[in-house]
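The chains carry the letters A, B, C and D, assigned in the order they are written, with residues numbered from 1 in each.
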Amino acid sequence: MQITDLINSIADRGLELFAFGRGRALPEDLPGICRALLSERGEASGIALARELVALYGRLDAAGREAFFTLLAREFGPDHDAIATAARAFVAEPSADGALALAEAAEPPRRELLRRINMLPEGTEFVIDLRADALDLVDGKPELRIVDADLKHVLTSWFSGGFLELCRITWETPAIILEKLIQYEAVHAIPGWEFLRRRLAEDRRCYAFFHPALPNEPVIFVQVALVRGLAGKVGPLLDPDAPVGDPAAADTAIFYSITNTLKGLRGISFGSFLLKHVVADLQQTLPNLTTFSTLSPIPGFRHWLETVAPQHDRPAIRAAAEALLPVLAGEGGLEAVGADKALKASLFGLCARYLGAELRPNGRLIDPVARFHLGNGARLERLNWAGDTSPKGLEQGWGLLVNYLYDPAELEQNHEAFVNAGRVATSRAVARQLKPYL
Amino acid sequence: MQITDLINSIADRGLELFAFGRGRALPEDLPGICRALLSERGEASGIALARELVALYGRLDAAGREAFFTLLAREFGPDHDAIATAARAFVAEPSADGALALAEAAEPPRRELLRRINMLPEGTEFVIDLRADALDLVDGKPELRIVDADLKHVLTSWFSGGFLELCRITWETPAIILEKLIQYEAVHAIPGWEFLRRRLAEDRRCYAFFHPALPNEPVIFVQVALVRGLAGKVGPLLDPDAPVGDPAAADTAIFYSITNTLKGLRGISFGSFLLKHVVADLQQTLPNLTTFSTLSPIPGFRHWLETVAPQHDRPAIRAAAEALLPVLAGEGGLEAVGADKALKASLFGLCARYLGAELRPNGRLIDPVARFHLGNGARLERLNWAGDTSPKGLEQGWGLLVNYLYDPAELEQNHEAFVNAGRVATSRAVARQLKPYL
Amino acid sequence: MQITDLINSIADRGLELFAFGRGRALPEDLPGICRALLSERGEASGIALARELVALYGRLDAAGREAFFTLLAREFGPDHDAIATAARAFVAEPSADGALALAEAAEPPRRELLRRINMLPEGTEFVIDLRADALDLVDGKPELRIVDADLKHVLTSWFSGGFLELCRITWETPAIILEKLIQYEAVHAIPGWEFLRRRLAEDRRCYAFFHPALPNEPVIFVQVALVRGLAGKVGPLLDPDAPVGDPAAADTAIFYSITNTLKGLRGISFGSFLLKHVVADLQQTLPNLTTFSTLSPIPGFRHWLETVAPQHDRPAIRAAAEALLPVLAGEGGLEAVGADKALKASLFGLCARYLGAELRPNGRLIDPVARFHLGNGARLERLNWAGDTSPKGLEQGWGLLVNYLYDPAELEQNHEAFVNAGRVATSRAVARQLKPYL
Amino acid sequence: MQITDLINSIADRGLELFAFGRGRALPEDLPGICRALLSERGEASGIALARELVALYGRLDAAGREAFFTLLAREFGPDHDAIATAARAFVAEPSADGALALAEAAEPPRRELLRRINMLPEGTEFVIDLRADALDLVDGKPELRIVDADLKHVLTSWFSGGFLELCRITWETPAIILEKLIQYEAVHAIPGWEFLRRRLAEDRRCYAFFHPALPNEPVIFVQVALVRGLAGKVGPLLDPDAPVGDPAAADTAIFYSITNTLKGLRGISFGSFLLKHVVADLQQTLPNLTTFSTLSPIPGFRHWLETVAPQHDRPAIRAAAEALLPVLAGEGGLEAVGADKALKASLFGLCARYLGAELRPNGRLIDPVARFHLGNGARLERLNWAGDTSPKGLEQGWGLLVNYLYDPAELEQNHEAFVNAGRVATSRAVARQLKPYL
């Protein structure tokens, strides 16, 4: 990475080299550096200034960070007088030029500041970290929302799909990247390197998207198991001692874990894009695959079942919940439900209801995973009993897991029906389970 | 380039694969595709739509292209009613949130359209080409200036310095890239491969900046000769048969050609950034180098001398031009001037005036090359008689060439004095030449 | 190439670094360095000594080189007394151990010397150059044949097939390699870069084998045209302005040029190996290809026709030659032959005879190209009138070219029949042409 | 690795593709395949035959392997009659040509067989594995020694120094290679990935030599700690929680582990070569380093002290051992020795004797590690009390460790004195310790 070394060396000798010497008025304070970076001096000594800014920020404590974001909010926003002038002119005589002038007046200098920080090779990473910090602060501080909005605006532009590169992750991938998988894996934790090794064996696939400015940092990764038939239980897929299957004999690709790694990119969407690329790569390299499906958790089902369902306005849901909850609460309750055909059907039915029909006040599905996959055009295919019997699996969804099926032939029409009409694509089996609770 | 092949394959099977099939309402027309790409459908089938857009655009003739830009200007600008509403609200009660709302209302959907095109790996290249087309059209069509502004806005964000990678170009570089150098070299044309080979020999250096989305397309390149002492004549530097010097024995790096390759990036500045990186790399790898200087053309000097100087409001300039021009106009005129000490001094003096003190109405230097290097903080170091005796050199500047000296120790202060006070840094010799004509 | 730089630096500081200092008895003379390199000192300071040897050799003139090879022949051969002792012991009591002892006694120290030179990264290249020099000298000097034999022995071991890497050569290949193609192409000269570019276009393929010790030096390369049907004329394949075809539409791969680049590797065979790999790669990447054939020159046909055929012991051959030669000798002779059905048939027949049945005293085919392809298991498929009407083509074979067909299904049986029974595989057409002259 | 995939595919389709079909007389038996591979057929179908041979060998059990080596010994040796004829001719009239003829007659066909196996990309690895198997068998079976000799002969030629590439191993190295370090590390075991990570931190260096035919298989690796002053204890160097030092502040490089990974390359020496390259790379990249030293185990000292020293023919050694052993044998014996100045001096003295002066019957030093480093030209610099207090360290050398110092300025002269005169270079301190026991 020639340029990295080079720019590091510029920055090391930095201030000397480009005459931003110690002997002169060095802005030790962040506000001064930010101002200088946006000024003409920023054009001449931008790299040294940006490097200084990054270093100083790194030494701030929580209070300092909040002060920094407040500074960005107050001092580096657009000039209200200029906006007002342009706004009045536009109102008086609307025109394309007036709209452009207004857009320029309203463009916050913060954004340009962030772009100048990005003259550093590590600038992109720093701005992502800034965003993560902003997300931590923004809840209590509505004033900072506009800073977060600008961070997101700039990052969205940088993380444009065409800049991302899809790579297969294998046991030949550098350890520094594999380590990130172990760290970031959020769906089914990877307890150690030997577990990771199994997840990279012949009958597994792992893909990651990389951004050129973050060569050792996967932005998203997807883990896939190559199996025969739709997998309903995740345990065998994670077992490090499971025998390794022949990938050429597999007909089904199960996406059993999808992880967004960087908090600072939250809300910047490339998931649908990613999965389609992964599907395309799998189709090319393993032409025997006919089925592409997830095996997904149902994160809030148990909580919903215990707190929302008993007071639901649909009597059928209330009744089913009231029948189920006492049994589930007992010792061996889940087995008892499993052994009782009617109760088991109720549990499946309520789960289908939770995934496919329970909405937030804003009209969107309550389950975030369902929202993501159905929004991508997938189909709610199958609910699986005892799919994940780990403590986490029981805690989230009483051990149930769900398959969302990605059928290339119907992705777009599902997506449009979902987005425009709120219609959820389901298999017949799930439709049947859902019916009593609609 | 795994992802390229992959996405090509998506696009080839494309519409089928992601269910944007021929049998359904395929928007053959560009307006429809643009609208679809910005709609919800764009999220599900963006790649196929963007590919279609790129293909359709490629088949347009000049009239079609103008119609397309007019479409972008008229239909894909911001909603004027929404802007007006937000503008009135802001005027009534200015606030940071109101400014953000206004900025969002004024953000043209065109920009998002361009970002979605960039889901394609070749999207960046396409947008650069669009910009080049826009620049061709915009002169006669002020309406299209706003489209050009948006293209530039989006490209500026993508071509953020930290994304560019500096690479040394050598004879081991792929031919597909070397070929671009031959094509693009604008300062001193490269007549063929054997000439290029000499420019990549041991005592030369060539650097290029690359953007990750354009791996085979250098964005800027710089050619350097490693010599002893300040070179004043470009002929020996270009001579394919010149003996190859020992780079370790050189004390001076002469930047004899700097080329921005892509018209679509015009006005997006990274030149200062580039040269500093090149200086830093040269310092690292060749510690014997003590002097970094250009050997630059003086593009408009002769034209200025012949048309502006004779009518200048400074009598000294008028007088000098009137003495020089008849001699220069005669057969062997240049030699005659060279043989006459006073005339030669006049020519140098007027050239120093042209470079260092002649301003446009907007107060900026008239010579674009001087503006660039002096703006970077370089110093007007030396004028060279018979520096470039090629027809082009005689046509541009009566054969004169100029050295702009990059002294790392004074770059920043020169830059600031130039930008803030319009002060041009000159060597004593040039100052002396310039004095009679100030 | 980290190690290269490193070892260069060892060698530069070299003698100092590893205490083979100037102050000590530096063997300036080659014999002394060779002895030292083979001694214990060679183990400690081998790299510096080998580097010195290479440098000294490089400064030798022709006489010096001959002296050096004579030195290798006389002083660095095996110890005759030791051989005699081991030989007597073996004769007295043959045994496996005795054979091994004898082999060790007979192993010339020259070989170990060459292996120690190969501690240098550039050692392999140097030994290849040595061999080329040896080949130049060996003719007049039978004494040097044993040195050549040792050079070939060592190189054969290093150029073991598994070490060679097949690479496709494209316009994205480094110029330093492409330049070699222009230099080395022996079959159909490449007049310049734009001609090369056409040979690397979409409807062409170029492959090269590389050895890891010679990363910028192709050892063999093969040029292929992708066409429909068996090509019989080479002109259209070489035409830089020919329209570029669609490779996916091609059914036939024509190998129109195969070049061994390095004289020093003469007689070390990997041609069959190479072509099979190329066929396999073409089959994989272009599944539409069904036919693999050469379009080859017939280097000695005209010479044979004019000097051997008229005095052949087969009367039919004599008669045909006597009928043909006077016509060919006249102005427009070739056209005259072409216009006369019987004469044309004679020319084809004699050519088939020359290629498929004319033997050297050692029983091998007289034509080297035929020997190579038929030895690989190819079939003599078709003779082509006016296949190469360049001066060289007329000079070599009166413009005739031949297709050798590589049919994977019969390669091995053709090879065995050829090697064991001297049977040449021919198409029916060629068999018919050949028949009158058998 | 294009060629690997390609050749795998050739081999997969293999026999079909190159017409060595099942329908024909497939030599299922190893002897037949070996014969075929050496025959003409081997030239045409070598890859398929070699692949078959490798596959069949892989399925052999221990008895089968012995049978295979016996086959190689008996059937694929040189022709004794031919040798005898050539031997008689040479004895009758010695000549260079006669010596060459004899060498050729004595060259075992086994070697050519091994070279033909090496047409496979995985051939090199297979031959290394064969050698490892041969080493296991050869002890009991003197007949097989000649097979081992041929394997070593061929491998020595392939593992010529110039073919090896030195690479730095870091945390960015592919996991498949790092895993090998964990597996192979023989000196100080690496208990897990987090331990490995520490050994690759900023203040450590790890180098490996690779052969191009074994891209994922380090042939040797060396682990280095960058410290201030000569390190005498290995514990802190291995501690995963030790704070990471600044490499630029280090003045000393401690080689604390050197591992030859592949049993099949045993006896093929490149250690001296390797260490010199590592020293050169360290000097280049860390110019502050002034001292290069090992911190090495003393594998057989305790065993020698307990079994050989008490019966030594030097009375001083006998006496010292008799004084030491009873104390060492007691509970806390080592501490007791450490607390007694005279006893401690005796232990150091006997250790110096063991390392620097105890010889095998063949006149070489008894300690293999001493033999290696002193043979490279290093100096016996310092003995370290409690250098390795692990069970293994106590078991091998009562916790003592030794520094061998690599001083570039004296390497060669030490090497020559050692090899020619058996003189061991020692520091003054060690010379003093050794003196009473010489």
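The working rule: a residue touches a chain if its C-beta (ideal position, glycine included) is under 8 Å from a C-beta of that chain, and two chains touch if they have at least 3 such contacts.
Predicted, not measured: the structure shown is a model, and the values here were computed from it.
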Discussion item. Moving step by step between touching chains, how few steps can get you from chain A to chain C?
Written reply: 2
Worksheet item: In terms of CA centroid distance, which chain is the most far removed from chain C?
Response: A
Worksheet item: Cα centroid separation between chain C and chain D, in whole Å?
Response: 38
Response to the item:
chain A to chain D, mean C-alpha position gap in Å, rounds to 50
Worksheet item: Measuring from the mean C-alpha position of chain B to the mean C-alpha position of chain D, what distance in angstrom results?
Response: 58
Fill in: Two or more partner chains touched - positions in chain D
none
Worksheet item: Who touches whom among the chains?
Response: A-B, A-D, B-C, C-D
Worksheet item: Within the complex, which stretch of chain C touches chain B?
Response: 171-176, 178-179, 192-193, 197, 216
Worksheet item: Considering the complex alone, what residue numbers of chain A touch chain B?
Response: 2-3, 6-7, 9-10, 17-20, 40-41, 43-47, 73, 77-78, 80, 83-84, 86-88, 90-91, 94, 96-97, 99-100, 102-103, 106-108, 115, 118-124, 143, 145-146, 149, 154, 156-158, 160-168, 212-213, 272-273, 276-277, 280-281, 284, 376-377, 408-413, 415-416, 419-420
